């Protein structure tokens, strides 16, 4: 069984491009060109150079000795929090802005949840001098205020999404509407491995730099390119896709995807898509999503804006259904505690999204010689107020 | 003429250790041991490994093409903003915490202005599991709230300095008092190239990694290890010391130090130490400082908490007096504008401290083939509220 | 013969009206349909409300949210329409996003439509290639016409392809926009209308998006076979309620139709 | 003979009092000095206020800030002391941080002190090695004794070195602390006092820091030659003003001295 995309744009049963005709020209142009553009050597050169000189790659693979000691196993943190703008999201936006330029686009739109993708998009737009519009749920605008401020500093226009749950899902709807209304000059920089084909594959390829680096970094430090486990949180699934990518076909490496259980999986306030979801269509792709019996998309909940999404990317739906990856879910409380623990054990304040991955050690035992790589997808600066309020610091 | 420290702990006429007897044992122990500890190969190995895997070094040397175009010259940004915790300060705290461990210390104190050094100190203390107390002026606690939140998340205790101007100078006094009261178990991690010998030299050596990297990075990109100019802002002077270090003796490389002119050099609200200061003693070293005729230390002012200090390190006093470096001063308004400009030109939101360096292009013309390296000492996340309020974004 | 095809054979310019089922009130569906037919509308698109109608503008989006809050479901809609053919004879098309249909079961959905007497479907997020490979057979087995869209950005080649695979009419989106965004037609649209007319397609075209009064209706149907009004009608329902539908239709068709 | 040396030759235990010049009021300096002598104090340390007194605790720090706000300067202090020797005969020591002295000019400062009749200086942030190399000659040329500190952390070797270079007494800091922090002496201090006494230094020792009442005064002077009170006296001035200095001295020395 393959875990990569097939020629029709599917991962197993999931994927495809369920899009309104209005988006057809844009999506089709992307589909026809993305692989060729991305494999062009000039593109690769420019991409790699920006990743190095602008983003600050390679991000370190840091052996967390105090955390390892606490759980009596070997834990490496892949430090995407050290990237410019503070999360893995920028790997993708750097790639897509170069692609957008080659497609002749002069206006960029994006959706954002935690604001990290919005900031990463506003950043590359500033870098290239391109107009930038960011859609963000009204609730998320409130709970991720620092990132809203950053987008404004970077010259982007932030438009609140006022419908539905006023979070990531609704921001995505608004971005798609914008694209429908501005098909010629605009490129939509989707922020995760979601949306119609070729987005999931394209974003996964841009993020695959993460596991590409893990391979040689682990080789340097442990003498093997293969960890026993790779662990990542899943909102849409881009940081997980990046961390899993080069290990997808090698089943000796166990993959663990961590979702947000919010106030508890069965509390009615959660975003644990794989467990609670059913197959369906959201934002242009067939995947797992949380929905009513009637096919209405459910409003998810998580304390973490970046995981507060009712779907997962089609790659992850496939990894779940096929059993290739283990899916776990972590509540708000567990995540917050794990975030504080990492801060005080290793001096790294993680994004609340990432804190979900860090919380699994209280649920799952590992052997003392297991090599575990956790994708530390982002830093917690954007979440400080939430942490402070939560812990009454 | 040498620009490095001499055997007596002086840079030319400046430096020394004007300390109360109560600090003598600590300072003396440091002085006797720092060079030996720092040159120990185990120490170097651990230090370099933490810089790589934990801090994320090397920090990129990024060619800022849009900025270069705007000013018709070649501008490289040394990306200390990409370090873990977001500024150059951590280079020094990683070094000092390793040193403190070797000196058998179990409690760490530090002063902080912008909060970057406080965060960097709290970070390494969490990393090593060592108690951490941070002194911070009450005014700075207000204007750098995100960093206060970070220190708390990291488990540090933040104690407000309520005397004097309630900024960096007063926090430093409090930290010294603490050290006097706790001479046995405590190491004081000074955050800049200030304080009694051997601090200025020790901090400069830890920060010298910055120019060490610039040399080979520039060689890679421009075929020469030597830029025409190296530019850095100066609060106490540590980021400048790091960026200048390996170029100090090579006068073909011009050094520019940028100070905060606040509301104008002669407004009475400024921190332009070299221009306004006279020789004297502050925080244990003989240097240039802003003071009254009567030798009372003046309360400085700058919109940037990290530059809001009435002294400069003795190395910089010497660079000023000898003419080795050119000193410029930039007002609040000029700095804020330059910060916004970089955000929107290059997608990098700088710390307000750093924005001062970026503002000099409106004061000084460079040739179109000049190679200029600006030390981008930190990111602006901590300053977002100030930027937002200032520009009413 | 399918009622849509029949209606397309008449030589009048067709007025088709979209409304969101369950809006303004859950039980308004049947009254609205009857009223529309009574006042001269030629075809009706019954909108199945969806939580995330990404091809629609704020008006239809809001009406969908309200309809769902009113309790509208696929099941209830089918119940409401159960006896519709006892009183209504113009073509009825269900317009809905694909996920609710998928959850209902595509085959079950089509069967239900057939039993009720629905003539066609418009599913904005079911692209033609997926329809062709996976669903055409089912739709056709139940006598349902699936209507495809073209836009000003659709390439000539793709228009030909859509035309070749369409069985009733082509839904011609007047401009690149989600519903309700346009305010009137300018040169760009006029030349687009002409360009499509000149292609002499097999399927007649009905123009949708941006039609809100007699002028835009006339512009739209100058060369096309008909026009669809959505947002403007939903807005009318919001402000005027369901009792003055005649007034709305009259302003569209002009006083003396 | 220098008044300090003379005083040290008496066999009584010496009480030395520190106060901040210009506090509580700018003009209190002379009255305080006179009152202290009148009520039996053996030696006085006149504190020159400094903006950043980093070896002092909050009490002395606050009094310094207030004194500066009151307008105290080096110039004014010298003016106030100009005629002090007409009425006061006990040793007078100026205690101040080095920067104001440096700005005044070390030589000019010493000359002024000599003219006034100041006997010694305590400059906490002027370490012995710098004093030795740069300033001893100047101080001695003007008959000034520079007093050095030792603390519980000072090594035996360094104590010997300080003793060898001291010319009056050694200021023995009772414990590692900025002024005003201690509340009483425990075992640690007692054994420290004993350890120093056993060294049989050339210079007598006067204990400072943490002396606030008769008990701590007695403990401190059990083996040392005398004790210096700073924070406790400044606190007394703050709460009681300058008129009840006798009461303060009495509690320190015990009722029947």
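All chains are identified by letter, namely A, B, C and D, in their written order; residue positions are counted from 1 within each chain.
Following the convention adopted for this analysis, contacts are C-beta pairs under 8 Å (C-beta built on N, C-alpha and C of every residue); 3 or more make two chains touch, one makes a residue touch a chain.
Model, not experiment: these values are computed from the prediction.
Student: Using the touch definition up top, find the fewest steps from subunit C to subunit D.
Tutor: Contact-graph shortest path, subunit C to subunit D, evaluates to 3.
Student: For subunit A and subunit D, let me know how many angstrom lie between their CA-based centres, rounded off.
Tutor: So the centroids are 66 Å from each other.
Student: Report, in whole Å, the distance between the mean C-alpha point of subunit A and the mean C-alpha point of subunit C.
Tutor: Using C-alpha averages as centres, the distance is 37 Å.
Student: Once you've mapped the touching chain pairs, tell me: line, ring, star, complete or other?
Tutor: line
Student: Just spell out which pairs of chains touch, all of them.
Tutor: Touching chain pairs, listed by label, come out as A-B, A-C, B-D.
Student: Of all residues in subunit C, which touch subunit A in the complex?
Tutor: 50-58, 61-62, 65, 68, 73-75, 97-104, 124-128, 130, 148-151, 153-155, 158, 173, 176-178, 181
Student: Under the definition above, what is the set of subunit A residues touching subunit B in their complex?
Tutor: Subunit A residues touching subunit B: 52-54, 56, 59-63, 66, 79, 81-84, 86, 122-127, 129, 146, 149-150, 152-155, 340, 343-349, 380-381, 384-385, 387-388, 393.
Student: Would you pull the subunit A residues touching subunit C in the complex into a rising list?
Tutor: 16-22, 24-25, 163-164, 169-170, 172-173, 176-177, 180-184, 278-284, 291, 293-297
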